[in-house]
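One chain, chain A, links the two complexes that follow: it is found with chain B in the first and with chain C in the second.
== the complex of A and B ==
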């Protein structure tokens, strides 16, 4: 029996502080999802639609000698077969241009795209792909950065000698002197495997191509405008002839900022060749083997301190494992290399980071962009220092943590910051002063940027439109994406507050690049802060225009308060009437408020010093764990999450973000990680790539320190990516507290804990 | 493909006979639906002969189509075969336990099947009928051909029921399991113990561990060593050592190193033994009072 799903009783539901409406009732899409009515990309079907399938390399590194597609082309039901040879596409990429839609002469990992087929049904497409014969000449391959960096190692890309895709050296202050003068030095090496965002819905795309509409991609993306630009460039189409329409997104977590570019480009090429819509969808196995996990990293790190606990300097040598192609890995490597340095007042920093090609799955990004990997290393190191110095880890953090008004070692301007309060609140709630026997406790602190001033130095902000409809309702157009995190519900609420209306009267639209303002998209925790501020400005602009129109209609001064437009004589104007009047006067135009949030230019210089974001969110987490000493089995009992994300727009959504982020942080801490066997992903299924289940989740207690931040709308700022960041350090330190030994290699499994406690040599 | 739903054992055997090897029996189908499906499937879940749990004169009979959920909640099994209730309660997830059956858990022949490990420790025997009408009875642990291949031919044989001696005075059983997460994870090691303890000394013992071989594996040396020993910490440590010394395990990239698995074998067998012995002694006290 199917029960109908309805919203909880509004009378029982909470409301968030200064915002109108009821928290539970803010996201109509939630109810469609819960009832199974939401239409995801995987659900899409179109008249005449063909199914596309990709032939992938079985070799980690090989030269393609010959491809024979005759059998596939002769197969009934096959409409098109493509190989790399005839495409004539130029190399493309997100940061580095090192990919082609289909391999031309070489394959560089198991899964590399070699050919593709469009056929009348999926089974035919699969059979056709299997019938393609490829002759490979195997080449020596490299499966780790260490192998790839050896002097005579096989070279993956001609343009990147030594297999280094990207590198950076950062030096601030005099770290050498600091290490010379330090009372104590702690150091260690930390390793983090590649991890997949594991969104519930595998990536799919339906591409349509015709003379009227140009190329239309139906696919759910966090940054549709960025993908649209890359697809247009690769296919050499005018930008205005490429349109992206998003169905409902089954999770993204950073993995759908760019999604799977190969899939979009190949389905487009097949649609352009056949003239019919072509659907392509990754299987779960493909998600793991050719999707874009976040890079694996090795962080060799050391820290110099005075005896009183003052941090003097930090040095790090970081190597990140790019896989065969680059995607966003350079940017993620950059975040790993420096973001964590701004959590504390560190006068001197010296860091080298190298991103290295290997014959493995190419990498991309995941929620928190590597900040969590660095958190694991640096926060573990801080607890190691606390132990060595005999200082309480809380006191050591409070002594050094960054504070309001600071400029961090990399030039980040910390205008609003309640990190010290977060640390105190998290410690208090976990019971830092009354620890239970047999349990381990750990703390960790984090910073994360809210949007980027340097991602595109010219384009730093966001724009939105608010249109008064003929019935008096308001439609907000934004390019910012809702992928389940509740961005659109937050926008409705922000617009509602600006206009004094009930949020029910506001609809938010963003899923079509033809109609939405251009946007950088749902990345870098910019939705609420940057996108939300643009919505606030658009709604305020609409309000001004409504009042102006009322003035010109009545010839008397007018105001708009609590959604009611009133002339000085007491006359009340109906919003629908105002909309209709404007519409008639202008023969069909709508009253449109426009908002543009253009943050000031950054002083960011060529050395990478300077402010990178309009503002920053902060968090401190505390974990309580227990270890079975016979087996090393770990139980994470509680995690307290104290967050300074400014004013909370919706308590219910905010809590959801915290629960989700902690679950993913726990996954990365204790469960997840790619395993490879000579370049092949050995755990390419949800049975073997273990994410935590409901039975593995600890009790989660959230604390919001609502430190209003003028940079965002009504004092609000981001609470997406940052939640995942401090989880790793908090759990690692709690494990060390319980076990007496650190596990410095993620994930922290029972076996590794037992090995550390038993003093076994590492495997 | 055809999907057949017989209502009696005779009808089911008739279908298999007519299918001449191309029809295959299924029950919960939690594993076979992940594989390539055969020509025809014969669903056994409606057969009265394969359903129900009953206890008569000290013997518990469990229909092969009884689900893990039913077994885990059965008062008869909770009282008379505690290790089995515990093993069944830990399989997969609620959805899998609601569909997957005890017969399937054995015939699917996975090396670390939780119910099968508990059944082997409890000395369960499986009653099997074939298309010629012949009936045989085998110990559960003797039904394995090789990894994931059963000696029960599901195109010509039907495992009808499982028979266990109900736990008596001075007897107790227990099941333990160690996995990478709390649901939906195959165990790194699982173990079960069934013991009889008289006057503080072990009289009978069956210790079973998996996955070390294709079948749930009896630890015969540890069992022999236990006879006549007092139930205490020294005995447990000796059993842990003996258990780890009489099995061979391999390292697995996806699970764990051989060294750690061997360590877990010892710990888990020791824990199962300790709990089973406690229960045996409680049963005695319960009867005395």
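== the complex of A and C ==
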């Protein structure tokens, strides 16, 4: 095993805060990644493995008249050809059932799956796919929600009249009265394009059937158990006959919670048909054209205020662009529609949100689930109000921000919260009181949930196991996923703290649904808070069992402190000896600690009012920017990120989350966004869809307000998603401060800034 | 194109392969030679995950036709560690938290390796430029830059 040559002895190294061990992720897997030895999904190869390829629709909307697969089937090296006709699968989906593994009769976007093949090598599979002849009858298509909502618009799905996939109207308090009585009203319309998580490794899957008496998917997922359940349902297989084994994951950021379900289902179908493992992989172009970006949104928003800056109400009409199928877009739309309302004490809210089908790439989710898109709109509006009222944006935020003990307008229970401190700290560090001439400054605030109590109302928590191995080491089993964000290292530290052991002695396992406890997975910022708490409880349970065993072995009272088990007479018990003794007594069982974290039921009601999470993380960001007045070119000089994520488990990993999340926020603010030409993705490459490079990164300064939260393990809570949220508002407001006008359409490009400064109509 | 014999030095050893000279060096490394440490992120020279050294220069191996490495020296990530002994750059990457999902790490480390070969004590701006062709979506690059600077120091200390 690779070990650092010069790293300090972990036992001697200074611990960070209250956690033992050295302060960076030192899992063996991290060393393997650095050495180029880690095995990712795209690296997988198996004996007898076939390669699958998908034929995709070239039309945005068409009827399939005929598919001729004869040439493909006759091609040497081709082992299977599938079309939608005859598959007999029922429609499936994540929230609404509107997809089929392969199109039957009709295609709804450029990229829709029409047929697939498995062949002995990729070149043969590609040639075979190209040889399939499809006759299409083109149908009129809709490329924007506005077109799709027109009265006589072509209808995409029979079960969803008017092209509305999902909608919700929320009303809390009396917003109409608030707007009548308000001294000031600010309003604007904000637009956000579809954005791709752009994990660096394209999605792949190797499906194996019949070799292990069931279906095995080798694919890296943030929520393997959720995907497993969907695949089993679509293929009508018993759940216990479907197993997901995760190779190392090359980035996820929400995009691999469900990944690409069609790819998993089609590789499974091909593996089941041929009896051989089938590998399928998206190309980078396919990642952009069929890879489930986060929904585009238009937010029409207005806010009512008193002259003293008190926010009285907010109203919004939101339309989100679903693309051809739904994936998680309803949930993302829901987050966009309401999460930001809980950043401030807003007494009344009225919001309508509609998710609309269009003949474009289907959408999914991205880190922070739309909260960042809404942050751009709502935080811009806050600054617009501050300007109108002549109140400092910091003062306006401090006057209204949510505080400990509050219940937000949507029923969120704010038990621990240092948002005001975050705001003050970010403003202080950026130099709010000593702004440099020629620079623009902006602030933004955010809230984000830590796991969901309502995603599955019955299944709200997490479970973990801690097993004492015969050598005295401990293995933690969890269903929570590590994809580089440091979850496993955090769990090792949490278990180490509970047991009083060095984290080096703890191994964390999560990548096989056959052995890991069931989990909702790495989503909704639940890993540290929910998964970590379960690990703490499992380790504590193991500790109890170890002590009990020592008592029964020695016949005297015993304790376990700093990892040492000691009887009252001073006798010390070796952990390996305890493990071995139990193993012998039971003829082979291992001493197993079990932990279950079952948060209390939520009071969440049918109107969507109520607590949605065990606790919430908070953040405030401040940005300092400069604009070239001749060209509109934007330089983001600094971002200060102040975070209340409770106790920080691992400083180095936490900093990595902050820098990475801010960089993604910068990308979404200034560079990224899908461009379409009549339904075709016009920037489907990394050359045309620009994500930030090393040359684009501002100075980033992080501040952790370690406000301990009892809801999480040892006071820790989530950080990974919220880091991306406030960046957008902070940059937008800093740009407005420098330019004198807001750019209300993302991304904030030089051209749009120039137009805003010139007072031209923004596109 | 017709397959032919291509001779080059790979990771310090002479190598002869029979391959289509138009095939990419990346495909040769991964599919023919089983060196999966070099990652394939886009196949178009846009992400830098497949960076290797050709005659000490960092190159996107997906853009190099195999025929072009005839007679040249190719170095991949696999050459930087031996058993449990890793290169100071790799050590620095782990210690500084520069490895998250790790998919960009081999290419990023090879770009850093090329930089430190030609410029053992680089300025922070040189580091940014050297890794600007390597995309990373996880890290925000900051800890990677810290790691490269730290690696320079480690290498200097090890020599002295």
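To be clear about the criterion, the second predicted complex is superposed on the first by the 740 of 763 C-alpha atoms of A that agree within 3 Å, B and C clash if a C-alpha of one lies under 4 Å from a C-alpha of the other, contacts with A are read in each partner's own complex, and residues count from 1 in each chain.
Going forward, contacts are C-beta pairs under 8 Å (C-beta built on N, C-alpha and C of every residue); 3 or more make two chains touch, one makes a residue touch a chain.
Not measured: the values here are computed from a predicted model.
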| item | value |
| --- | --- |
| First (chain B), second (chain C), both or neither touched by A:652 | second |
| Partner chain(s) touched by A:589 [first = chain B, second = chain C, both, neither] | neither |
| Which superposed partner A:177 touches (first chain B, second chain C, both, neither) | neither |
| Partner chain(s) touched by A:664 [first = chain B, second = chain C, both, neither] | second |
| First, second, both or neither for A:598, with chain B first and chain C second | neither |
| Which of chain B and chain C A:37 touches, first, second, both or neither | second |
| Contacts of A:633 with chain B and chain C, given as first, second, both or neither | first |
| Broader residue contact with chain A after superposition on the shared chain, chain B or chain C | C |
| Which of chain B and chain C A:695 touches, first, second, both or neither | both |
| Partner chain in contact with A:754 - chain B first, chain C second, else both or neither | first |
| Footprint overlap on chain A, comparing chain B with chain C | 687, 692-695 |
| Footprint of chain A on chain B - complex, ascending | 93, 178, 180-185, 251, 253-254, 256-257, 259-260, 263-264, 267 |
| Chain C to chain A touching residues, read off their complex | 30, 36-44, 46-47, 49, 76-78, 80-81, 84-86, 90-91, 93-97, 99-106, 109, 127-129, 131-145, 154 |
| Residues of chain A that touch chain C when the two form their complex | 1-7, 24-26, 30-31, 33-40, 42-43, 197-202, 248-253, 283-284, 483-486, 652-653, 655-656, 658-664, 685-687, 691-695, 697, 700 |
| Residues of chain A defined as touching chain B within the complex | 630-631, 633, 671, 675, 677, 682-683, 687-688, 690, 692-696, 749-751, 754-755, 760, 763 |
